[in-house]
């Protein structure tokens, strides 16, 4: 829509003087109601994760079993009811936030750092290196993510660490590709040439100049990937390849409770909703960010 | 594609070989004697280094032999051959379902951007990609199989039993394909050539169908390809929840039984299927996008 | 021959964007007769394209809105015309050439089909007949007919623009709107394309609105000139009136800012500053804060039209009490 | 924004409540508004009744592993094998050994068994069963890894004449006939097995003949019209086993009439089946023991006192409630109450006493240790045990192992403590030898208890032919082993079978559903 573009560009000319780009993004982000909702939700979950100890007592509520109080309907003292061991579901959901966000963030960090590194190298140097790296990643890419994760955990044994590693590894190609793409898009721009001209080292160029300018899409992708990572974690835990007891993890809570789904719906309802809302909020923010960073997509 | 698949087999074989424990025991079962076990170990070459074992495996694989199951002693190939069609049936109907739902919705949402339809559609789509399929599956069973008694809770007899699993499996991909279709459609209808078309006096409907859709489909198809992979992965969970006799469930069961050749076989089949689909997608491109056709010939 | 192909009066178009309301077109009047060519001149963001789209009734909405005014095209009231009627008119009576030929063609449809499509819509002909015609049109714009079945990406920029023109003219419209048809092309090609358009214009006896910021092009092709600034026509007149007796400071600015062929030594005097923020135009003359002749009154209220001939008018306070005011030149 | 929030909430609630609330009315529906549910539920069966039920559908929790009766050692496969094949002997409802293919038998000497087999027994392919088939089959079973332990006592088998075989055992082995009822001792047609069909279309002599096995989905068999045993003819024309891994789904399938019988009904669904007018609940005490084992070869469990302490520390009731919703019997013995020589020991849940014993053993402030488990139910049990031990000051971590690895490692004696189960046939020897006999170390003797006195008593028990003397021996052995306390017996769970109320002839053995051929509408 050329006229609108004209106006925007004219408008930019004036405004960019006043506002930095990030502030600009933030402004647009704030304008998207859904994104704001997402941010609020995430903030809420983060809060829950960080201040969990202030909300409930891990030992007493989340771990201590009270078999004679098992499978209790939601009530005043157990607002989400109790599970098959008589543990307070609310407490476990709250601490589950910690686990899920932690696993999600770590596994994405793994994927991001390794994938990012490979992608940056491939994108920056191109040619043979690029080719080799990308072919190798194609191999990983040929196996559906969740299946690869399952295989890895199945082989290494079920534990939180292995889970994070598995989910991390299986997400490497995605990050490699996105980073590669962004790097390629910026590497030939003048300021990079300039940096080269003044004889800056490759790695300093990549780290100092290329990556920062390639950040936008990476951030968006990472946000959305944390969501899928959390989903993957839950899925693996569901088929028993996840976090080990008595650690409260949403997926394993679902797996453990699914025998009781008919009469004690709440056992699977609340952990399930926790997953849905967390993932949802991350997606909302991810979308918001993408639109904010790239208005024309809206 | 071939080199990729070889890479896949090696990667998977290597990962699986990291599994602790003794396959010989698995094959012989609890009752077996030490002698029998060590004997078998020798015979099956479990003492060889991984790379040798891999070599042997590949040799057999090329002759179409995927080995024999540790737990059932049946041929992995025939077992998978029996199960894969079911998974294929499930995933295929799921992808067809999602495409049929998502493309129209995506297009309408885009053409009526910010309308009530668009908003609701997008919210549902967002929630759709945010729900764990197995969770939805459980809930759908409760609602449709138990309370309403409309559909069977699981198993595989007739079309009726396909509905719930296929739908469950389709949710996530439907959602994300809808989103892609919408956003690419939005981008396309902002293009100058759409104005050119309008300026020619082409009617709104034709502009969308003939000029916009074809262009918008290109990115949509990419996602459909990727989603197929997601579906194959999702099958593992859906098949477990709905007791669907496909290789997804077979794989999970085999993992629990530590039936290495079976697990290996399943993943390789998954990977091959996925690769083939992507190949198909590439070919499909060239039909839609002349620019790619050009680069092909 | 004084029948109006196009009559625009008091047209106001606004864009309601998240950043606020933009007065893109701000009460303009245009009258264009058969076979005449109007040059619509102004810098980026002046509202030229918007005007053009308004004529086609192709304003993206949201965010665009036609607030008031009337557009009469060959007797059709475009503003209140139904979608159906518009479809009949677009391409048949009025067609438009868009700025960028690179993006103006549908990448997944052969150029032949894209030309034939227009013909099929507006003329009762068979597919094969339409294809024939399409071929002819291609040859007409100087592209070998045997390339009808090729796709846009197989053509160069200049050729793409020729295809676009072929599409626009395929149903010999009464009015052709060309939105900076040459800016995206390199100079040598520009000349060819312009030449082509001139010929065809005569051949098809159509009126044309040529949107540009290149006064050189205007001098080449146009009979009348409208200078547009911030959504208003600040000066309007025949070619020689505008070129010989320039009235508006902005018009003067434009002339000063282009190289003078006759006197190469003459230095360029760019117009100072940027066009004022379209989201909040000043209450008075929107050019005032860039104007060398600015007066107090300019800041307060909009200047009215001052006529120098029945074709030539200007919107500027300089002339409101002294019609004979002379610019420094 | 409001629109969004509203929609979000609505959707979430719909998802939640529809499933959540509506599941309860359904449950109540069975008793409260019975007529209503009557109308819906029993409609389908009623109609089919009119055209007489042709097919019996039985839900299994796992697929069978093999159609070769000597190629598996798991419950599901056994269910099918028992329909397709016969053994020389079988157990009757009172759990006595009675002849099946055997006509009669005598015992010339303590180690010799001369067995006469029925004449004119036809295999499904129409060939007659001969002594040669018997010899072949039993010999074969000794070579088949999964069942070779069953007839481990057999020295040799010889054909006396077409209808007589003589089996010689290594030692005088009282419970020998019990071993012959195991599926691994099924009699197969030699000709067929040697035909190399690999049991694609298995041939047996059983009341039902094989139709198809759709891997992971179902196994179908049809009635064998010319079955040799007129009294035990198959009732239903066709029987189909449907594989439904999800417990909840199995129950639902039963309620919706998708299946007629559910083997291994999820314990938390008992109430539903009992409440439903269309369904009937069958339970039986099993010979399956769930126990918590300690590796006596590994510190600190080489210390008897510690092991005894653990026997006081575990709240068996809680374990049982959590594991199987209380659908079982707490036990103080590794022998099921129904078994020869069962005698409860006097361990009770007494954390204080446990602490005291620990202190006495030299661990006043407890210690750190690991609990091994595998599978969903054992995981839950381990979690309760973990909590119990916490109460007596012992910190433990649960390690979940995949089944294969689990067995593997336990045989190798790697586990410190572990949650295990043991299903045996009713003769005590088949439990005591594998679990306590010193030579079973490296086998099923996971606790690695090696005690000369135990060994003596076990050997005495198996060779003692006089029943009362045997019981006496086992009582002594039992008392002694409980004092040694290599493991904590937890409970014997009930076999749970849910079935359509219209069915008759549903019988449960201590190993669960059996005599399936007798079931009919």
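Each chain carries a letter (A, B, C and D) given by its place in the written order, and its residues are counted from 1.
Basically, a contact is a pair of C-beta atoms (placed from the backbone, for glycine too) under 8 Å apart; a residue touches a chain by one contact, two chains touch by 3 or more.
Note that the coordinates shown come from a computational prediction; the quantities given were computed from them, not determined experimentally.
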Among the chains, which one keeps its Cα centre farthest from the Cα centre of chain D?
C
Go through A-D and B-D and name the pair with more C-beta contacts between its chains.
B-D
Which one of the chains is closest to the middle, using the mean of its C-alpha atoms?
B
Distance from the CA centroid of chain A to that of chain D, rounded to the nearest Å?
45
Mean-CA-position distance for chain D and chain B (Å)
37
Using mean CA coordinates as chain centres, what's the chain A-chain B distance in Å?
22
What's the distance between the Cα centroids of chain C and chain D, rounded to whole Å?
88
Scan chain B for residues touching two or more other chains and write them down.
19-20, 127, 138-139, 142, 146, 190, 192, 240, 255-256
Residues of chain C that touch two or more other chains sit at 60, 98-99
Multi-chain contact residues (two or more partners), chain A:
1-2, 34, 154, 157, 240, 258, 261-262, 265, 276
Chain A touches which residues of chain D in the complex?
1, 4-5, 12, 16, 19-21, 23-24, 26-27, 246-248, 251, 266, 268-269, 272, 315, 317-318, 321-322, 376, 379-380, 382-384, 386-387, 398-402
What residues on chain B touch chain D, complex-wise?
19-22, 25-34, 36, 70-74, 79, 82-83, 86, 116, 119-120, 123-124, 127, 138-139, 141-143, 145-147, 149, 152-156, 240-243, 245-246, 249-250, 253, 255-258
Mind listing the chain B positions that touch chain A in their complex?
3-5, 7-8, 11-12, 15-20, 126-127, 129-135, 138-139, 142, 146, 183, 186-187, 190, 192, 229-230, 232-234, 236-237, 240, 251-252, 255-256, 263, 267, 270-271, 274-275
Mind listing the chain D positions that touch chain B in their complex?
3-4, 7-8, 11, 15, 18-19, 22-23, 25-26, 40, 62-63, 65-66, 71, 73, 145-150, 214-218, 242-246, 248-249, 252-253, 255-256, 258, 402-405, 407-409, 411, 442-444
Can you list the chain B residues touching chain C in their complex?
114, 190-193, 195-204, 210-211, 214-215, 288-291, 294
